[in-house]
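Each of the next two complexes has chain A plus one other chain: chain B in the first, chain C in the second.
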Partner chain A sequence: MADDGPNKYITLVSSDGFEFVVLREAACASPTIAGMLRNQMVEAKTGRCSFAEISSIILEKVAEYLSYRLKYKDKLDVPDLDIPVEYCLEMIVVADFLGLDEQMA
Partner chain B sequence: MNKEVSEFEPCWDLLRSSLVDIHTKNASRLSFEQLYRASYKIVLRKKGDLLYERVKIFEMEWFRDHIMPVITELVSNNLVSTALVQPSGSSAHERRETGEKFLRGIRDSWRDHNMSMNMIADVLMYLDRTYTADYKKPSIFATTIGLFRDNILRNTLGSAVQDLGEPFVIFDILNAVVLDLINMERDGDNIDRNLLRNITTMLESLYETDDELEKQKLYLTVFEPRFLESSRAFYRNESERLLRESDTGTWLRHTRRRLEEEHDRCGTTISHLTAEKIAAVIDAELIVSKLDDFLGMEGVGLKNMIDHDRIEDLTIVYNLVSRVDKTKMPLKNALQRRVMDLGVEVEKTLRETDFSNPSANVAADGDDGGDKPKAQTLNAAAQQTAAAIKWVDDVLRLKDKFDNLCVTCFNNDLVLQSAVTKSFSEFINLFKMSSEYVSLFIDDNLKRGNKGRSDAEIEVVLDKAIVLLRYLGDRDMFERYYQKHLARRLLHGKSEIETEKELARRMRAEMGNHFTHKFDGMFKDMEISKDLSDNYRDHIRNLGDADSRRVDLGIHVLTSNNWPPEATRSSQDEGSKWKGKGDCIFPPEIRRLQDSFFKYYLRNRSGRVLTWVPSAGSADIKCVFPKVPGKETGPLSKERRYELNVPTHGMVILMLFNDLPDGETLSFEEIQAKTNMSGTDLVRSLASLSIAPKARVLLKEPPTKNIKPADKFGFNPQFVSKAIKIKAPTLNGVSKVEGEEERKETEKKNDQTRQHVVDAAIVRIMKQRKNLSHIQLTTEIITQLSSRFKPDIGMIKRRIEDLLVREYLERTEGDSTVYRYLA
Partner chain C sequence: MSRRPNRRIMGPQSALTDFLATHHISAAQIRADADARRRAAQRNQDEPGEEQSDQVSAPPLAPEVTVAPSPALPTRTRGRAATEVTSREEKRKKEQKVIEKIKASKKFQKRKRDLDDSDDEDDLALAIFQERSAPLPGQMENCAVCGKRFTITPYSRGAPDGGLLCTPCGKELDQKGGAPKKKAKRASGGPVGKRRQMQSTILDGTYRPGAKSLMTLCIETLAKNIDLAEDLGDLPPLVIDKIARKLSKHRLLNPTTLHLFLQPSAEEVYIYDGAKLGATDYIKIFQTVPSLKRLKIRNGIHFKDEVMEYLASRNIDLEQLYLHGSNLLSQDRWKLYLEEKGKSLYSLRVYWTDKHFGDEVLSVLEASCPSLERLKVSHNQQVTGNGIKEIAKLKSLRHLSLDLRNQVRSDVYVSLLSEIGAGLETFSLSRVLDADNTVLDAIHNNCRSLRKLRITESDVMTDEGFVRLFKNWANRSLLFVDLEKCRQLEASHPRENPDNVGFCSNAFRALMAHSGRAIRHLNVHGCRHISESAFEDVFAPGKTYPELFKLEISFCEEVTDFIVGSIFRSCPNLRELNVFGCMKVRDVRVPRGKILVGVPTAVGMVIEGDDD
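Our next item is the complex of A and B:
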């Protein structure tokens, strides 16, 4: 694990082994992920966050949301992010886990 | 049930071992996600409170077992006694060593604790977000950080207490050590600033209670008050010492340095929060308490600084005084006193200066320099004029000095500028001759003409004149003098008309039309007169009949209102014994000329009366001095032709001698009878023609220096002059300073005019307002007349009474202090 300074991208790893690469800045919208990356534990060192209880389908949507959020930050006329109905419940749970609830700015 | 408990315990075990790892800096093996998830699960299973308590207990135990021993060891007896008791036995060096070691220990343990707690709080983020917020408990971080405060800072250490006999906590030691180190730095030692900053940052992060209220940072509640108090004591001592040992300059610089130092300290050693408060302490102890003492110090205080233009010192004084007193009262008072003193000194110097030295005689009109019998009186007059010039120069120089101070040291401060201006006005108006002197100054400058001076230099002079004008309170006095001097300048052609007009224009802008009304009239008269002369000349030429003996006439017609009374009347009523009435008798040729012009003048105008003023005119006469028989060599052997310029009176006298046979003389009384001139005029004119060698075309018997009624005068055939064009000394050409009696005369006349002005003002005001009380009326009058002069209250009262008598006003029936206008 070469340490070349904070990498611009980090990897989110799902429970079934799928990896999603997102911008560090996008990912840190979640306080949980941010906490993971700022302390000197394993995640910070490797730049990989493994989520043992989040499936790939859901994690994919999360990754998409994080990028979407960063892209349209502070903009008007934002297009909706499509979340298929069958995933909504799990998304809510994961959102709570990751701290992505409405109290965030 | 079992499942619940078993779910909790494994999670807790995982978390607890991670806590240990974190505290022992072994966190790199841990997975954040795993720990986070563990706490997440606990909370979901509604065991958040249990987790909270367990964490709290764990931290307390950790403190007790791992951190406290280290600290206790640091707090040796030595440290305690040095820090809190400070026996004189320990040196600064020793205190610094032990102190810094202690601080380092505290800081390190704090740093570790802080870091660990941050990490732990992150891991337990979910707990904080849900359980803690819901149950309104302090966050994990706050609680555990608070443990540091409770277990370390507020801990008393059993054994050491017995030595001192009174309770104390580690916090006290901490504060004492920090303050001691700061004082050492103030005295010049080097300390570890970074260390202190760490400590103060720590104090900023700790709060009185776990509620973490902003205003209750330990820094603000415990450290800062002690810091300010210790600083206050320190600076109080310092200011005493400075007062005893050093002078104002040192004190100024020292204070400035301390201010900078403390400001610097507030970024590098302690918190920014204290910046303003410590500045206030310095202001109070170093500046306010000793300000008057230092400023008033003999020989080095404010007075001395002003006199010697100590720019840097004065700038510091200004800055320091501005910090503590918005009105800058001490500085303002000192400046005003100094201006007054220096201004009065200028007058004193003037009285003591000896102006008889010719090199100081800057105002001497070139023509007057040569006459010997008149030399004494003329020199006296010229001396006085020189005095006037000097006074003005000195005042202007003083003004420049203070202006310079205001710009360079006082940052163009308005309060100070207006204070200085007020003092200038005060001493200038105290000095009785200021109006006259200012007018003389302008007169002298304008008389020299524009040759040799660039436009810029002339500008400078005009500016100075206007500046002085602003200070004068008695503007109507000035107007009177200026009119007199201007008349002389214009009639004798002594100045550039353009410059005069420029100055008049500025005066108008500064003081209004009515002030320059007369002067404008005078300019206009001069212009019209020039046209008139030219036209008349053409008119005569066109009449044909070129007569070689015809006299060429140049005329100035003066509108009597505009010109000063001296110019428009002949000096008949100047205390002479001559009781003759009527004007000067002119020679027949001149009379013909006068009639001719009079006719010409009245061709287009009617209803005017022209009166000739011989005292103001001059004549160019061609003289022929024939060869003196018996002399074969030298100038007297030739015929000499000269052109003599004399005043009109002189011309009248000389023409008498044209008809006189050779060798005959005329006595003083005969001349007086033939010319009908007053004694004073006659004496003056005869003197210039018969006493001073420059224009001695008449011989006087006896050849004494004074003119007596018994003297006889005759043609001087032996008159020789080097120049072809000779100018007889003009006695009215020099504007000289008035003597005491003359000045009193002028003042009296001025007062009379003022009375009329006040009357007019009263009537005007009352007509407009119908009813006014006495006080209101007086105030109104003063306001309206302020641009002309400052009326005396007594005079106003008298004028009001006078108007009451004359039935312009009456008192109202109800209230006798209210007046009503009577139409």
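Our next item is the complex of A and C:
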């Protein structure tokens, strides 16, 4: 993925303006984000993906998950990532939006 | 005894002394030691404050009354109140010292990890201190509240301000709500539990290496805390379905959680475990989801007559009905429902309702369900050959699965196939012990669009019959083949199979020649007479089976390491290979991303490949 962008990091921006910098490789686990970074999208050029409907609390967890996923890629015995119970439902919606469900490769 | 050490003449003595003597323990010695200790203790009591730090909770027996106690105080508190101020300070200093020591100890550090703030730290140190200094079980002690003398047990409660309580006072304290809060036991998450969990998911076929998806993590968290959820909100149906599955797996679906899954706009309701739902809950489903089209209920024990009556009376026309375990439904209500609502029904699946779903119900289908495409009757004790003759009249049928307990003669199946075989895409016969080659010939002659074929546990069909079926068959490639336990059953000479009974070598070659291109799922579990050379031919170097995803060759005795290796080479998309009971499989290298289940070595029954 490093060849289609100059930087190996990208920035995720939440609705309230917080920015999370994650590895491009990690972020592309989400087909939605990968799609934003492909082709001649604005996001592909700037390396910034804004999510107007995701709050910083949720997006922080998403960023954490993306890194966690990259870290345990193809590993056995992966410890579970804790999801805060109170944000569980919102997380499900966001996970669905970002395509972070079973169908992903 | 010491005077006459060599003679075995003994006076009367207790059995215990006798016993102790055999273990070289002298009762007299013990008594002498105890007396000495008692004397020493007495001396210490006379000088208060000496040994106190070790026995804080033991009330001083003979304190000097220097600070006058208030006369209103009951006698039992006299001792403590009367302790000298100086000695008390001294005692406190000592306590402090011991507590500091405890804080530095390993045990403390270990327990501290569970806590966060420093307040808890002090409390913990104090708790350990009190634990240590408490008198041992079996000793006598005065109750800290009522002053009665009692024997200490491991269960004796501590008084809030030090000391121990006798049983009645302890109970009283418990009732007042002073019971110490027991920490909820944490679910086993250690290496053993994790390993077990992983093996379990591998056997479920849902395992994949790497982290779980975010969705799965969220759903798991949600399932753990489902009692906190009031409404699932606007989640996509697929997600709701996943949550429902997860909940049912933990048997958490009950009348209170049911409403989470009933969205008024939904067209489908899948209940994977309805064991805890009552008849009214089922009726509630139809009340809340008026546009219901697809209904699936497993373990629907209370899906009773009244529910069926209600369903038949409502303006709900189901397209799919899947009922599992609804044994309380009577035959009349089945007929009533099918006659009322059968028109829209195109899929009817009935599992484990062995009592009232029989030939008569099947006889209604022809007239009342003109568009029925899928019919599954599984684990049924009522349906007989007559019922199958009724099924043969259903020209619209595309998918037919039967798992009957009554043995049906082969000619019934033959006539069934000649009637409706041409249209069938799925034909599944489970546990047909007596079905013979005529059934296979009927499939060969009639079926042209079959995609899924299952014939299990026939011990009459022969290799020749299967070869005739697959050779020059005008049917497309099958996608799903299950021929589990089609093998010769002969206890007297289990290895010899002169008549080639069952699914054997040539049949296997013929099947793969016919369907190898597109087959996705193959099960030849227990087909013991497929020879080594047949496996080697089928999975020879030049041959590939690009679609094969799941292969089950358990209890095929001739499978060797070489064959397993060939299978991995010939099937690039294979995900899971089952080799239970293949005792010649010893040490295979499994490619990355493939799962080999059932290797009979101590290494483990599952090998997840990591060879590149």
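Everything below uses one rule, namely that the second predicted complex is superposed on the first by the 100 of 105 C-alpha atoms of A that agree within 3 Å, B and C clash if a C-alpha of one lies under 4 Å from a C-alpha of the other, contacts with A are read in each partner's own complex, and residues count from 1 in each chain.
Here is the rule we go by: contacts are C-beta pairs under 8 Å (C-beta built on N, C-alpha and C of every residue); 3 or more make two chains touch, one makes a residue touch a chain.
A quick note: this is a predicted structure, and the numbers were derived from the prediction, not measured.
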Next item on the list: After lining both complexes up on chain A, report clash or fit for chain B versus chain C.
Entry: fit
Next item on the list: Return, as a multiple of 10 degrees, the angle whose vertex is the Cα centre of chain A and whose sides reach the Cα centres of chain B and chain C.
Entry: 80
Note to self: Going by the contact rule set out at the top, does A:Gly35 touch chain B (first), chain C (second), both, or neither?
What the structure shows: first
Check: Does the superposition put A:Leu76 against chain B (first), chain C (second), both, or neither?
Finding: second
Next item on the list: Pick one for A:Met91: touches chain B only (first), chain C only (second), both, or neither.
Entry: second
Next item on the list: Considering only touches as defined above, state whether A:Cys49 meets chain B (first), chain C (second), both or neither.
Entry: first
Next item on the list: Determine, for the superposed model, which of the two partners chain B and chain C contacts more residues of chain A.
Entry: C
Checklist line | Shortest CA-CA distance between chain B and chain C [superposed frame, angstrom] | finding: 8
Next item on the list: Share the list of chain A residues that count as touching for chain B in one structure and for chain C in the other.
Entry: none
Item checked: Complex interface listing, chain A residues touching chain B -> 31-32, 35-36, 38-45, 49-53, 97, 99
Checklist line | Parts of chain C lying in touch with chain A, wherever the complex brings them together | finding: 194-195, 198, 209-222, 224-225, 228-229, 232-233, 235-236, 239, 592, 608
Checklist line | chain A residues touching chain C - in the complex, by the definition given at the top | finding: 62, 65, 68-69, 71-78, 80-83, 85, 88-89, 91-93, 95-96, 98, 100-102, 104
Margin query: Which residues of chain B touch chain A once you look at their complex with the stated criterion?
Written below: 27-34, 36-37, 40, 118-119, 122-123, 125-126, 129
